[in-house]
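Structures follow.
Below are two complexes that have chain A in common, paired first with chain B and then with chain C.
And then the complex of A and B:
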């Protein structure tokens, strides 16, 4: 409520700060690929390196002054690519991807710290994209917990069903699982349906 | 509204069915009655937890039954559990609702990361504080 009022006042007096847009979701849903896609489109530069190894992003990546444009409207935002949120981090996952055990244990610790950081940032963001891998079952403890918490904080949310280019993608299952939220499906990798997402971001903030 | 779940702290109405069926947030069935204006301290809470655990131990049940009972009554204190070096279990619900950050290093051994209790600035969390 307070946030809404603050936003309304800012709108009225034209002193709109930069919007902090957080990109949240479990590991390996394509958050960094999406952040890179948005950043590249509006600033010409990418933000971070995406990888098939889970928990590749272990600290919050920021890109400031991203001027997002859609349908003749423009907002200036800070784009925040968050570490993936999970309930378990096991170094063996990294070892399975060919990383040696010692390095894997360090990564594991960093990834755990990343989860804590991502959660703490929830108090600072103005709007959130929750990114799903459309080939996975969306009804998980991580997703339910994140969405419930964002809703309680009254932060605008857009559910982003990513990886729709894959054969076994079922983006509709995400909308069915959480029908009460603003929803869009994309392939960040293949640059599909991104214009629709930009429009929704501008509408929601 | 004087009943409170001893595990997650949810406050229940006097006639709530959850008192019989278990807390709807965490499923536990142990509640503490808090009189008006009175709150139990963390020490008191831990004392109750200890009493209940001792009571469980004193039960004349088979070991595996006791073990199952204890499992069911497990107190959900920590936000991060270190199962073994490099393997972390993260309790998101706890992490979302609770500062400070509590890390269980091994069974019964907790580390409370104090700066997290006083500052919301995450930049202060150093990796080494986790292990």
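And then the complex of A and C:
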């Protein structure tokens, strides 16, 4: 009830001309692929390079003035692709991906700074897409921490079950783990169900 | 400031249980230091208290700041406090928060999470 009242007051007095939409989640859930998909659709340009190597995005990537349209409605937003949040960064993991040791140590340091930066941005975003890899167990402390912080700040959240094109995807497990949140499933890579996500973004802000 | 990771070779993993009474006396920054010192000593800590979401974010931040070649970060898990909506409103008014629950935390090079959901956790401590 308290939340509904807050939302109503925000709708009446707090509408922003431009919202900051953060894309959050653990590493390798497809955040950059999703950011690129949205950016390409509405600006014609991609935002960053996606990779199977974890922590490819190590600083916040921004795309300003993205005019997202759905069902005749439009919002203007700054799209923010966040570094993946994790509790550990081991340089040996980069070495296992074929990166030489010195470069791996540099990447590792950058990745830790990226995680801290992403956490600090939790205070500054207006709405968030929390991206899950549908093939992994969604109930992790990283996801619980991201969602708990956003909820405490009353920031609108959409859970995005990504990678539904994969054979072992179980998007329903995400909804089961966090049934209280707005939810949608997509494949950013295959451009599946993106229209539904755009609609939900506009509805949530 | 948390100490440097212990370089001394250990024959096993020490598990340290810390009671709610002991934790109750401490400010959050002190608890954070206690945790970081414990995990850098390659202990697994079991705290008889849950962290809230903001505290967990601080714990992740702190572990990232302390990350280096010898210390790759932490693994943690636990059972959160499950206050109902009345308790949540009371917390907003009084600032007194329920902390019942459990936190298990260790260095990620000795602790591996196997499975976790709201009601069950299983972990493996690596003995090398």
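As a convention for this text, the second predicted complex is superposed on the first by the 189 of 205 C-alpha atoms of A that agree within 3 Å, B and C clash if a C-alpha of one lies under 4 Å from a C-alpha of the other, contacts with A are read in each partner's own complex, and residues count from 1 in each chain.
Just so we're on the same page, contacts are C-beta pairs under 8 Å (C-beta built on N, C-alpha and C of every residue); 3 or more make two chains touch, one makes a residue touch a chain.
Here the structure is a predicted model, which means the values were calculated and not measured.
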Superposed partners chain B and chain C on chain A - clash or fit: clash
Partner chain in contact with A:145 - chain B first, chain C second, else both or neither: both
Touched partner set for A:195, first chain B, second chain C, both or neither: neither
Which of chain B and chain C A:123 touches, first, second, both or neither: first
Chain B versus chain C as contact partner of A:91, first or second or both or neither: both
Touched partner set for A:112, first chain B, second chain C, both or neither: both
Which superposed partner A:137 touches (first chain B, second chain C, both, neither): second
Residues of chain A at both interfaces, chain B in one complex, chain C in the other: 85-92, 105, 108-109, 112-113, 115-116, 119, 122, 141-142, 145, 149
Chain B to chain A touching residues, read off their complex: 79-80, 85-93, 95-96, 101, 120, 122, 125, 127, 130-131
Chain A to chain B touching residues, read off their complex: 85-92, 101, 104-105, 108-113, 115-117, 119-123, 141-142, 145-146, 149
Contact footprint of chain A on chain C as seen in their complex: 52-54, 56-57, 60-61, 63-65, 67, 69, 72-78, 80, 89, 108-109, 113, 115-118
Residue ranges of chain A touching chain C (in the complex, touch as defined): 2, 85-92, 105, 108-109, 112-113, 115-116, 119, 122, 137, 139-142, 144-145, 147-149, 151-152, 177
